[in-house]
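Letters are used for the chains, namely A, B and C, taken in the order the chains are written, and counting of residues starts over at 1 for each.
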Amino acid sequence: MSRTQIPNEAYAPTGAWYVAALSSELSVGGIVARTVLDHPVALFRADSGQVFALEDRCPHRFAPLSSGVVKGDSVQCPYHGLEFDGTGACSRNPYGPVLRAATIRAYPVEERHRALWIWMGEQGQANPALIPDFGFLAEAPDTAFSAGYMHVAANYELIVDNIMDLTHTDYLHAGSIAGTGMVHKVKPFTSEFPDRIEVCWFAPDVPLSPFHSQIYSSLERADQLVRIEWYLPGIMKLTANFMPCGRPEEEAFSNTNAHFITPETKTSAHYFFAATRNYSREDIKLNAFIAESREKAFATEDKPIIELVQNRMGSGDFWKLKPLLLGVDEAAVRVRRRLEKATREEEAHATPRGSGF
Amino acid sequence: MSRTQIPNEAYAPTGAWYVAALSSELSVGGIVARTVLDHPVALFRADSGQVFALEDRCPHRFAPLSSGVVKGDSVQCPYHGLEFDGTGACSRNPYGPVLRAATIRAYPVEERHRALWIWMGEQGQANPALIPDFGFLAEAPDTAFSAGYMHVAANYELIVDNIMDLTHTDYLHAGSIAGTGMVHKVKPFTSEFPDRIEVCWFAPDVPLSPFHSQIYSSLERADQLVRIEWYLPGIMKLTANFMPCGRPEEEAFSNTNAHFITPETKTSAHYFFAATRNYSREDIKLNAFIAESREKAFATEDKPIIELVQNRMGSGDFWKLKPLLLGVDEAAVRVRRRLEKATREEEAHATPRGSGF
Amino acid sequence: MSRTQIPNEAYAPTGAWYVAALSSELSVGGIVARTVLDHPVALFRADSGQVFALEDRCPHRFAPLSSGVVKGDSVQCPYHGLEFDGTGACSRNPYGPVLRAATIRAYPVEERHRALWIWMGEQGQANPALIPDFGFLAEAPDTAFSAGYMHVAANYELIVDNIMDLTHTDYLHAGSIAGTGMVHKVKPFTSEFPDRIEVCWFAPDVPLSPFHSQIYSSLERADQLVRIEWYLPGIMKLTANFMPCGRPEEEAFSNTNAHFITPETKTSAHYFFAATRNYSREDIKLNAFIAESREKAFATEDKPIIELVQNRMGSGDFWKLKPLLLGVDEAAVRVRRRLEKATREEEAHATPRGSGF
């Protein structure tokens, strides 16, 4: 725990890899300030190209290092010039010898899949092998790749819920990025695996929405298949395939997207997303059209509703508010249970607070 | 109580008709989101023309129905498409049979006097006969009628106070809509009735203010009579009459206005107002002049002061702050006592909270 | 204590002179609303020219007097017209005889050194002789004087800290108003006196910064001497002298500045500053250049960092957050201890709260 933290009921596991930023947010010498699980973090890319994450508070006078500058492989505090390297150790003290005690917390960071992954739990337990394989993001050419970031004033689980139940696209996105408007007519199939939960919708022989007709001009009707894979805590892959009716998935116009959702506080989250596709991969205009349509829908349709849901829930706990769950909520509910289990188990194994007093 | 409510000391009676909106705010198919006594409410006008009020939170995933659309006599949730009719019953479930358990609270609504009245108490006790007669509003031609709405960041009683003591017009509105500036020189007469409290000021043979000279160009001096009628909880009629000196009230240039004040939260309120008159009733320019002058005075004179009063009171209770009351406060104090009595009596008769535990 | 105050741990002494405003903020008939130590205060300059400070809340209906108007030697409440003189006594009641009970708290005010000093403690203990001598401010001609005001969303001690350790200028102001960039290379000398704490930096034979080269065009290198004097609670004099190398202080280009820091709340402060100089005292362009450079640096460099420090400290107490202090913090730490002692001693001698119950 950072020294600023007030002990409180945990709302997410800390022993997990979260996406703290997109790789593209940090060029050499760049610094990003981002709060993750209530901890202010300064992410910086050193001259070596490596990215580090430090507690964003100088131990001297509590200034945010993220307002400073990168000096070689260290970051310099903007206020009085102390420097800290990527391990959190003081690497320069302008006023005398480097002080051993002047250390700050460093968070393990891994750069993978065009994203910066941060580990918020015990440092020794950070195992990069736990990062799910989203290699498709790095493999896509730039002309078939787009990514974005959105701040959402809502608990991260509400964003996960949003994606785990794609029937919302038939209503919330009816006038924008909805696929066929037929998702709510078919039954989803949910499967649990040790490392993930999958949910799948298959709508055969359905007419395309105006939006999708622009993209797949050769299709009038299609078999629509949507598959979502969720990994702890809010790492999600969404595949949306449109096949000529009756044809196998291999012939699909296929979109493989990533949704990375990271809690900022109990009631706010960082939402990173990225899209790739297997068709017209050199078409830069199409790429921009898809990116702009998605950004607009997310910003003007998903974000306002999810934030209003948080508003309507107030400080109430999801289960205590007794949601009236439907069959389509199965996948989202399984995810919530998995998240709750991971969070509670971690709390149970944690060193009791204040035990030394 | 809505499920989101945290039990707290009541600050207004719930068993009362409040104005939730002006009729003109809702055309067919329209929805208005408005919080009344801490309860988020979705008001919508069905295709039949009737207005309904529902708890503004879908029981499924807690999205605000007010962000949805009207479908016939129901409102459709914007998020996943559940529909609810005016009784609060689920009228359509896109994912299967309609669920009996999927009901939300419906609030009785009456449309009268160009306004939408909502009952926040026990549904069975809602008696439309309790709505005071403000028929003069509907009877006025459009060219002698104007209305408006203002959000005020203050407890609703501070706005009631403001109108119960019109001496403030001599100071706060000295440069704008003040009548004669002589209100503070005469003693008000207060009368209590079972259903209302009245207060009246009579200032004989006084010069008109520049503002009123523009309206009553035939008068140089006048007998000014102002009468206020207050009904529970914040329903007020204000009559301002200007008579040629010594002439009876029947010969007055008479303005009859309504002030409807509805608590949003303990420290914020909805303020609806409407004005009618018995002279120059076809004069559309005069109508606009009166409306604009009033809106400007309310927005730039009353609202800032009332909000600063709330600010200066902080979280302190009015009586505990020991106001230094003057004779002119008599009517306002009687209203405060009536409101407190109604609120306390209701609490006393309510089912004890948690009694089943 | 004003009636609005919630008892809380004191964060500053009340028995002290604070600067509430610059003299220039109040012309005859002018009113300024300013919260000092959580107390809303209305400062007004009467027709006589004298400045008074009253609790900014009418005892009648709690309207802020600062929204009213000055009438002779009184201020008139904007809401219902009660008037109060500089002693806090009601001087006019439009509705009847003046009420003896209608008094509000008056705060002792002294106008000195182009500033308005307010005493927030027991009225009988206000001794103007305790105001430090900042006579140099009034003595400077207008063409060698500039002053400003800035609101800072941080505890006042963080601003005092900022000035007590001028090494920050080498980093925070490196591209703007830094002197030589050499302050951090020399050891500061701290001295304690009964009424003040002084800290001094002497950097011999250093090159001038681009900013200072513009001001002292005759110098290429200089001996830089900076001296800060702190008086309770946040009254500070800063002298920055630039001497031709090896020459005595009497030959310096000398800047004598004032920094007056007044707590608004526990986490916000009023920051007044003023500058004078002993060279080019008729140069109105230079005067403006210095004022504008300082305002820009304060607003875009100091204010953001100090506010972020407050943000990073959260609600944590400075000492409990265990700052890693360096030698250069000596003066600031001594000031913090002096402030803490003054605050705690005052609490210890105060009438116990609630003792009469």
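Before moving on, here are some points about what is shown:
Convention: contacts are C-beta pairs under 8 Å (C-beta built on N, C-alpha and C of every residue); 3 or more make two chains touch, one makes a residue touch a chain.
All values derive from a computational prediction rather than experimental measurement.
Chain copies subunit B and subunit C are related through a rotation whose angle, from the C-alpha fit, is 120° to the nearest 5. Comparing the contact residues of subunit A and subunit C by number shows a mostly separate set, under half of all numbers used being common to the two copies. If you average the CA atoms of subunit A and of subunit C, the two centres end up 46 Å from each other.
Shared interface positions of subunit B, i.e. residues touching 2 or more other chains, are not present. Residue ranges on subunit A touching subunit C, taken from their complex, read 3-4, 40, 56-57, 59-64, 67, 76-81, 93-96, 99, 101-102. Of all residues in subunit B, those touching subunit C in their complex are 161, 165, 167-168, 170-172, 184-185, 304-305, 308-309, 311-314, 316, 321-329.
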